[in-house]
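In the two assemblies presented below, chain A is common to both, partnered first by chain B and then by chain C.
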Partner chain A sequence: MSDTVQTPTAEPGGSGIKTLEVQIWRGGAEGAFETFSVPRRDNQTVLDVVTEVQRHHVPDLAYRFACRVGVCGSCAMTVNGTPRWTCRTHVGKVAGDGKLSIAPLRNLPVIRDLVTDMGEFFDKWTKAGGKFTGTRSRAEPMAEVDPTSRARRNADAGIECINCAVCYSACDVVSWDKDYLGPAALNRAWTLLNDSRHAAQNETLAAATAHGGCGSCHTQGSCMRACPVGISPTRSIAGIKRMSLLDFLGMRRS
Partner chain B sequence: MSARRHRSYAAHLGHRLSGLALAVFLPLHFLALGLALEGADTFDRFLSFAELPLVKAAEWGLVVFLGLHLFFGLRLLVVEFLPWSSDADDRAGLIGWGTAGALVLGGIFLWGVI
Partner chain C sequence: MHVEHHQTDILILGTGGAGLFAALHAKQANPDLNVTLAVKGLLGKCGCTRMVQGGYNVALAAGDSIERHFMDSIEGGKWLPRQDLAWRLVTGAVERIRELENEVGCFFDRNPDGTLHQKAFAGQTFDRTVHKGDLTGIEIINRLMEQVLALDVDKLEEHRAIELVPAADGSGLAGVLLIDMRTGVYRFVQARAVLLATGGGPTMYRYHTPSGDKSCDGLAMALRLGLALRDMEMVQFHPTGLLGGPDTRMTGTVLEEGLRGAGGYLLNGAQERFMANYDPKGERATRDIVSRAIYAEMRAGRTTPMGGIYISMGHLGRDKVAKSFPGMVKRCADCGFDLAGGLVEVVPTAHYLMGGVEFEVDCSTAIPGLFAAGEDCGGVHGANRLGGNGVANSTVFGGIAGDSMAAFIAAGAPLRDPDKSVIDAGIARAERPFALKPGDLHGLRDRLSDTMWDDVGILRDATGLARGTEKLADHRAELAETGLSGSSRAFNLTWHDWLNLDSLLTASEVITASAQAREDSRGAHFREDFPETGNLDSTRYTRVRGDGAGRLTIDTVPVDFSIVRPGETILKDAATAAQ
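The block that comes next holds the complex of A and B.
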């Protein structure tokens, strides 16, 4: 990537701000915010700002990104108090007053600066019964799935999750209860519970309804509002709660 | 954290805090019932205490909290057990109706007091 420096300009139709006051978290859990002055540029994303700070101010700034286009989900950070994909967040959308606060994702251990350890997030994904168990070998014909069935439509609603942990960071219950599996893991469980090819249905339902599972959700709805791709883990978790009740009453459809 | 700035989070807080307030009130309620069993004099003294304006104001607050807890709890049941029309449909519109319903209950209480 070239290290070109454009002339700072105001955003077309914007507030005319030419310099951003950027606070970035430095250090681990016990770190502090450090303030930088960054030129305001046209079509500037928050990830652009972080990159500029790393290139021109603090080369040892640790942050994580890959695709820059909202596909990989690795650049999620807390921007002005809200978890977001920094690559898909335009500065003009979040820093109308010219001030940016960029911190690591909440609810995950900070490794350094803006990088978190996502190990527990993925461990919980597995703990919620998120591993697919197939019933057919590759020698057998492909399973037929009716795309119009209610179950498949339920699965489709949550299947585009890329595990960026934005919902996990937005959720207060995760902060309060370290055993809570979190919105992404339970959303994954819900997609499997609606996947007719998944053989371990009962195991997944048991895992998703066990201690720390769907019963711990307080239906705050922060996850569904924070999700960058518009998935509703709140809806998925409600689905698991409903399914577990029907299962308890012996009325669950297999 | 600004991720909390939405109606559903406010409803979550309202539901939990009103539940706590009601839980704190319940022992006093049972105490009053117990006094009624002990004798007319003791219960009358309690009733005269309950007529104090500050106590009446607290009772009005409890009635509103009861309404909030009831209506926000009903919304949760709707969210969790009825089908969603879309991914964004967590019945946030019911929060306003629930708040209005609780205030109406508070108004009915005031109507009886004044």
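The block that comes next holds the complex of A and C.
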């Protein structure tokens, strides 16, 4: 996701595109694309394009956003066929030819237009063992954790997930296996398995390796390529598989 | 109009740090309680706790003390905070940060020896800000969200509260009227206890930082219910919001304070540094001073093409900037700006409302059954909030509210019958735009944000505030005539834009009235016609109420220096040194 942003004048052909041809999904699971003409501006994200369509073309266009800066993970959509966070996707990065198609995330039920029901995504987050269980109370001091330890570095590598479901939408396994917990939930489980304070290690490992867990991953890496914040769930899932094997062999390091 | 009815023991409005902590604590106090969470977006994914970059202030380290944190908060708040609330904040923060780390599972950054890392933050005499990188809010909210998702609670996501409904017999609060945003259906939730934790958020200004869902709904509902709002003139501006023009939602979002701290330059439109003309500390002066200086440059016309000023980091070395501020550099790059080596246009941006509902240390309010916590509340921060005290405020008082509501119910709180006339009035207000001809709703929102920025903004005077008052009346009249096209109520964001504007206008009127009443300058409030702070010993706070018909009454109330008086300190070391 490190493509450079192009200003309008720098777009292929140097044509200085003035207008975007924008196709937006209308309806639910059954629906169709509608086409709109939207002015191209220098500073313009895909979310801004959607907003422009709501304000000037379709007042009841359904879409979801909150923070505007890539921390809430509410505004992900399928942009020209690829799942992306729309608030931080510059139009110049994805619409070099002046065309945009914007659809809801795949692999989640569509509520209407660009909005999906994220319920199953969060249900699977919980099902994958994604909840911390501590041993200390609020009356006790905090645990000392070596910031350079291998486990802590593993946890740090995956912890800043914003649960936007872009990886869940990018994953082909999710699309054909509805039991599969998906990349984000397993990535969270991996950060817990590397958290020396987490008491429910066995429970989380069991949940992450049960039916629909890490064994279902085909290591295609779509999640890793799609993640807007640079996390590699593929690596995390591989870590769970390795840990599970070592656990089976009685060789897991505590 | 059809209204669906629900019953619950506890209804929580909002799922930021305050709402989620309240749910956790209420269920810990009594797992059998029926707890319902209603939120305008998705659980844990809207609101502003999640957007916290800096961190969480708490006195933990050897050499620091809660007394020191308290004094920093009182002095930062310019002696305006309600001192018992500020004291509860700093003492509660110690327990709450341990709870977050030990029980909720937040994995805060560590020192090389494994202990918690605490960083320096502006306006504090000790390095006490606990953090997780520069995305502390994500860690706090994600972990809280996981804990709450695993609880047996009812979730009303994408439900917008539009009216706090009192009991028909006047004995307290009966429940809340909401709109199910996905279907457009009205829903009345009757509850023994309700928590107002929707967050404030000054999004009525042309440039603003909060989440797009924030529109002061909680404050507007509280005012209509008859509650008093205090300190509403205190609107904190962050000096450096990204400027991308009027048609992008990225405009106004924060570029972090650390950029100035690290040696970044602020340049006016002529690409000249100017901060030394305003303060000897230059770019490293405090938020309020830098915001005023930038605003003064802008007013003098020394602006960039889009009407702001520049922040420039390149002289520190492109690689060094990219390494020190990866999140900020990437955020700018995603939006098409080169922070590490180029010039990025910025403006001061409205960030936080220090004011809000008057509430008690146990989070109760003047209405039995209604509790409040977080940015909906006033009195904790006074005239200015220290960076790092915001998330401490929402989590400390959110937890207290959960405890208090559980105790309130254990003591026999009843389900009260609602005053149906209030439900009818709430529905009539929400339905109004469907009966009107479509108008220029988004233009009206722009006009409101221009009015607040130009006349009730960073530098204020009597003439501007009077002009702002007149314009707000015009905006109010225009909204009352502005309708919607079509009749669909399901996931109709333009309907919610209309309702957002209604709430924002109400909050804007209160801010303006409060700013007129405060004829001095302190903290976030600066009157060019009254630039002096005046005598701290006679400090008064502003208090606004509504009469139910859109008129406001305002009075000023002496601050009770219940713990420490201006000029004094509770720090033993400092007191000893002063002798």
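Throughout what follows, the second predicted complex is superposed on the first by the 239 of 254 C-alpha atoms of A that agree within 3 Å, B and C clash if a C-alpha of one lies under 4 Å from a C-alpha of the other, contacts with A are read in each partner's own complex, and residues count from 1 in each chain.
Note that in this section contacts are C-beta pairs under 8 Å (C-beta built on N, C-alpha and C of every residue); 3 or more make two chains touch, one makes a residue touch a chain.
Remember, it's a predicted structure, so these values are computed and weren't measured experimentally.
Asker: Report the partner of chain A that touches more of its residues: chain B or chain C.
Answerer: With both complexes superposed on chain A, more residues of chain A are touched by C.
Asker: Under the touch definition given earlier, write down the residues of chain A that touch chain C in their complex.
Answerer: Listed in rising order, the residues of chain A that touch chain C are 4-5, 7, 41-45, 47-48, 51-52, 54-55, 59-74, 87-90, 92, 111-113, 115, 118, 122, 125-126, 130-134, 136-148, 152, 155, 159-163, 188, 191-192, 195, 197-198.
Asker: Report the residues of chain C in contact with chain A in the complex, numbered from low to high.
Answerer: 41-43, 45-47, 50-51, 95-96, 98-99, 101-105, 107-116, 132-133, 135, 137-139, 142-143, 146-147, 149-150, 182, 211-213, 244-245, 247-251, 253-254, 331, 333-336, 438, 442, 484-486, 488, 490-495
Asker: Where on chain A is chain B touching in the complex?
Answerer: 78, 80-83, 106, 157, 169-170, 172, 218-222, 224-226, 230-232, 234-235, 238, 241-242, 245
Asker: Any idea which chain B residues touch chain A in the complex?
Answerer: 1-4, 6, 8-9, 12, 16, 76, 79-81, 84, 87-90, 92
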